[in-house]
């Protein structure tokens, strides 16, 4: 008996298909980032929204400046500024409904604050006070996440759980260009697509992961092109165009909420400041690059649009600035107060109930503190 | 309820039953992992759950352990109680960052606001003739990670009771299932399962006066066997089954050692940097003046887990345990 | 001073580009898997190559059958058969030059053997004798890799190192459809593309990861579509068409060797046997699916082509079968001998020099073994 | 060669110099990691290497730790000697599977045919006011993994000598760099660097007769300080700097404890399941009859590393060490 006879008749046909045939074209991003400001699409933008975005951006920039100043005064341990990226931060917060969830990275304090998190509480981690300063459930903002891309599967899981429960909640997860290289980025996007989870991934591509430029991070046509490999749409947007970011995000959020599944959005932007106050950006980039990007400033872009359309006058600008100054003054004042920390808290929340071992250690520390406060130091 | 005769069940069956009962009692319990649905798991421990509760409650995930645990974190944030299966011990390593940096720390990070009631089931340990990466004892990694509970059942009843407790716990639990005990049988009434065991209590499996064998998981039956064999040598050994490494039941262990004055820690995990060091050190700290001899350790060698044909040389067996007991300076007594 | 004045003149232009504009089209796979056998392209295929492939496939299938039989006889602990996937296995080996490297997964024993690894040595791991039975450097075959996708970054690193040294060596890395979900898959492909490393990734998409079907693994149009997200070409091929797989692999190997960088190839195939001998495939798939695929058998496809073109007659078939039988007989015979294992080897290769701790443990085991061989068991 | 005066250098500078010299001596040495090239590393430890040796020898990789270590494995397979930088302790966790399942095992797996001479540099430990994930002491994980060497320098000269030895080793070495000692200075002649230290030899940093402090890495200076302070209490403490946890120098440690009869293990890593348990257990096994008191441990608490404002309560300091010394049952002596 020949192998052929053993295995059945020869069929010169294609192999049975594993995947249903699917046209990748709708998943691919456009070659040019989507823009609204300075284009014809701007005329259609809602004035109220533009004004809210403007107020948020001005406030956001002031927040960044104030937080950076606080690091110099030793009031804040470290601050990764998002100056230049405010359009992404504010639009991300405004594109969500109250019941939605935000999963920020360490750079996304602004988005958290724009969601309603108290400006001081949002800095708790960076101040070195405690690892998270706010109740994530209150404004549905997950803790600022430091290990890169690890927050992305959390967003997927939460969105999936909400969908299983029948709640029409969307999760928006933020990550940087560098973070897209991590395995967790891949796994999160894949789970999201397979589960059709209502989650939106926003990559702020600011061209650098600390000192490492995008060309050493990826060889892809764009980060948004990664979407097709998961079977979700990829969108490319001008990340300094607040109206465009808001529109693209809102579309994706709506799509997710309607059961359409996840979207990957790449926003092209730039961080004007160094990685953090501890970083020396002159080591890896030139002034001219920074200047080029200053010429594509998110606030300037929006301000011009609003002014052109007569939606903003000097008084309006002054009002935005005043509101931002008031926020900054409050931030300054409250950050100048030393937080009251209780060392015994070290043991309180490791487990629901401290283990016997932790109880012993707690008692030990308490005894030490008592001794310290009683007598002079050894 | 009808009365059903006590009948023998395997540890695997008890584990299945624990998940089944937990899922029936609590709609927020979700089982997830590789092959846990249609197949019922490579060890069939999740057999029938997808059928009974649907694929949304017992889910075949994509093949990515960090993704599995990472999405479980998000699900727990939304109020679910994920029970995650890692297919084998060594295949939990890709999820290490999620486990260490998030699962273990989220409650503490958020000052109690965001607990993560996740159970991570890990079929672990050797003795099943598994090829490389299928026989690791990885408990040292988990023990050294504050924020995790680390549990390992050794009996059929404990498998049920402790898994129920793990799933019910508001804290993450790494639940180590001794692979080679999956098919161990015990008389156990599946219709009247033991009440849920509180996590953190060791149990004296055998009382004795000469010395204490401190052990857990797959080494418990080995120690009981050794204790029987020791009678020939005139030693009456006590066997303490820790049941959980975290929390650690210092009280039960120290009480036993104070009684016997001698102890040997027995586990399959490598000796150096393994659980035995911690256990020996804390027993010594607590019982120094009761000790007639240093607390000794019988453990796997400090080598990568060997191939099946050599594993019997690696695994702590009765002889090696008795040798250690023999080195407990008995002459000092006379 | 307004923000606009501060930040420079408004420029209604697109944001500066991070990536050079690149057309993704050439990176995308065709909608239909590439085929040679049964199509017009077959006429151009080299007869010598087709005959070598045929001999390899027949031998490969026999090897799978023999190894599976050995598990039943308890001579082999476990065997993940590649029956039905022989075209991928053999073509992978034949597409490489001697100086190239192969990075197989646990399922790719056939490819290793086809590269020259001794058939018995290739089974050492699965036999439970030792973790790897051959010197990887001898035939440039990395150890069969069990943790999924972890071999992929190894292949990238080796290819990169070879390129840095100026050697024109290519690495071919094999992985399954399930393995593409792991983070290491993502990281490996990204490193390869950024470094333009001479590496070829071959995904054998057999539709299942143990019991999990492709639809639960990915929502992508195809696995080959993932390539565009890394900036490398993705190719789709009929994995049961040995001539097609060989051609696509050879092209990719040539491209890599010439400095063109990595390629991702998805081969559509099917595993006819269960995942391993320990698996019960009836739990997750029906007979009709298996039958469909038997109708697209790689050996039958090739045999038909060779016969049609007069390149294979009954004698030729017989010769291939005889060679395969001889190999199987030899395998059987040698596998029926118990391997001689030295327990002391447990300590020999943990480090270049055993630590003092290992020396102690070695002495302990030696003493135990001596005692065992002297007296009766306790 | 010109003679250059002995001058103070920081530990960071010594580490840079060690890599520089290794790269100059051996063209197969490659440095790789996040930000190690243009920036010179976030701690500037690789400063100047890319400039001197080119980007192919000191490479800014994509941001993916498993990818970094995984490609380093492949590079080592082809005959290179990769020196991998993990940016911070907790950011080594994504590479855990590659480390445990491949780096630690490849030599053994291939019966010596495929050694992996990889050095994994991990800036580790706390005390620098770092936010979460930037202050972990992860040595317990590495210690429990056969196949890895685990090294931690405490002095500027050792930083040079041990890193040279690590890079020259044919085995993988996890090289733990105490972050808070990066800027510690010592007189050290960079033109005439110490000969390469063999890995595996502890050193007595201070001789004493009353008790032994066993320590390593960032806790060495703290122990020396404690030993000075102890003189006031009438204790003359010996301080042993382990320098490597694997291999462990039982000889030096046991000799010291036999001499002094008392010991305290000090480290920053959490106590439970941390290195101290292993160390205390093995010292006790070897020195039981010389011990006047149980070997005690002073370690970080069993909690996730605390926020900067609370870290001083967590870190073992002079007072806590002296308290432990005080509990070494001195009354037993009289």
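In this document, chain identifiers A, B, C and D correspond to the written order of the chains, with residue numbering beginning at 1 in each.
Criterion: a residue touches a chain if its C-beta (ideal position, glycine included) is under 8 Å from a C-beta of that chain, and two chains touch if they have at least 3 such contacts.
By chain, with names taken from UniProt: B, D = 3-methyl-2-oxobutanoate dehydrogenase (2-methylpropanoyl-transferring).
This one's a predicted model, so the numbers in the text were calculated from it and none came from an experiment.
With every chain reduced to the mean of its CA atoms, the largest distance from chain D is reached by C. Spacing of chain B relative to chain D, judged by their CA centroids, is 31 angstrom.
The centroid of the Cα atoms in chain B and the matching centroid in chain C are 35 Å apart. Distance between chain centres (mean CA atoms), chain A to chain C: 38 Å.
Residues of chain A in contact with two or more other chains: 130-131, 147, 181-184, 186-187, 190, 194, 216-218, 345, 350, 355, 357. Taken residue by residue, chain B touches two or more other chains at 61-62, 64, 66-67, 90, 93-94, 97, 101, 105, 108-109, 132-133, 146-147, 246, 248, 272, 301-304, whereas all remaining positions touch fewer.
If the chains shown are joined wherever they touch, the resulting network links each chain directly to all the rest. The touching residues of chain B, when paired with chain D in their complex, are 66, 90, 93-94, 96-97, 100-101, 104-105, 108-109, 132-133, 140-141, 143-147, 245-246, 248, 269-270, 272-282, 284-285, 288, 291, 293-297, 301-304.
Those residues of chain A lying in contact with chain C across their complex are 2-4, 7-19, 21-24, 27-28, 31-33, 35, 37-39, 58, 61, 177, 181-187, 190, 193-194, 196, 205, 207, 214-222, 225-232, 238-241, 261, 268-270, 291-297, 299-301, 303-304, 317. Residues 56, 61-62, 64, 66-67, 69-80, 94, 97-98, 101-102, 105-115, 146-147, 149, 169-171, 200, 246-251 of chain D are the ones touching chain C in the complex. Every residue of chain B that touches chain C in the complex is listed here, in rising order: 34-35, 37-40, 42, 60-67, 90-91, 93-94, 129, 131-134, 229, 272, 301-304, 306-310, 313-314, 318-320, 322-323. Those residues of chain C that touch chain B in the shared complex are 77-78, 125-131, 146-148, 178-179, 181-184, 209-212, 216-218, 279, 283-284, 339, 341, 343, 345-347, 350, 355, 357-358, 361, 365, 368, 377-378.
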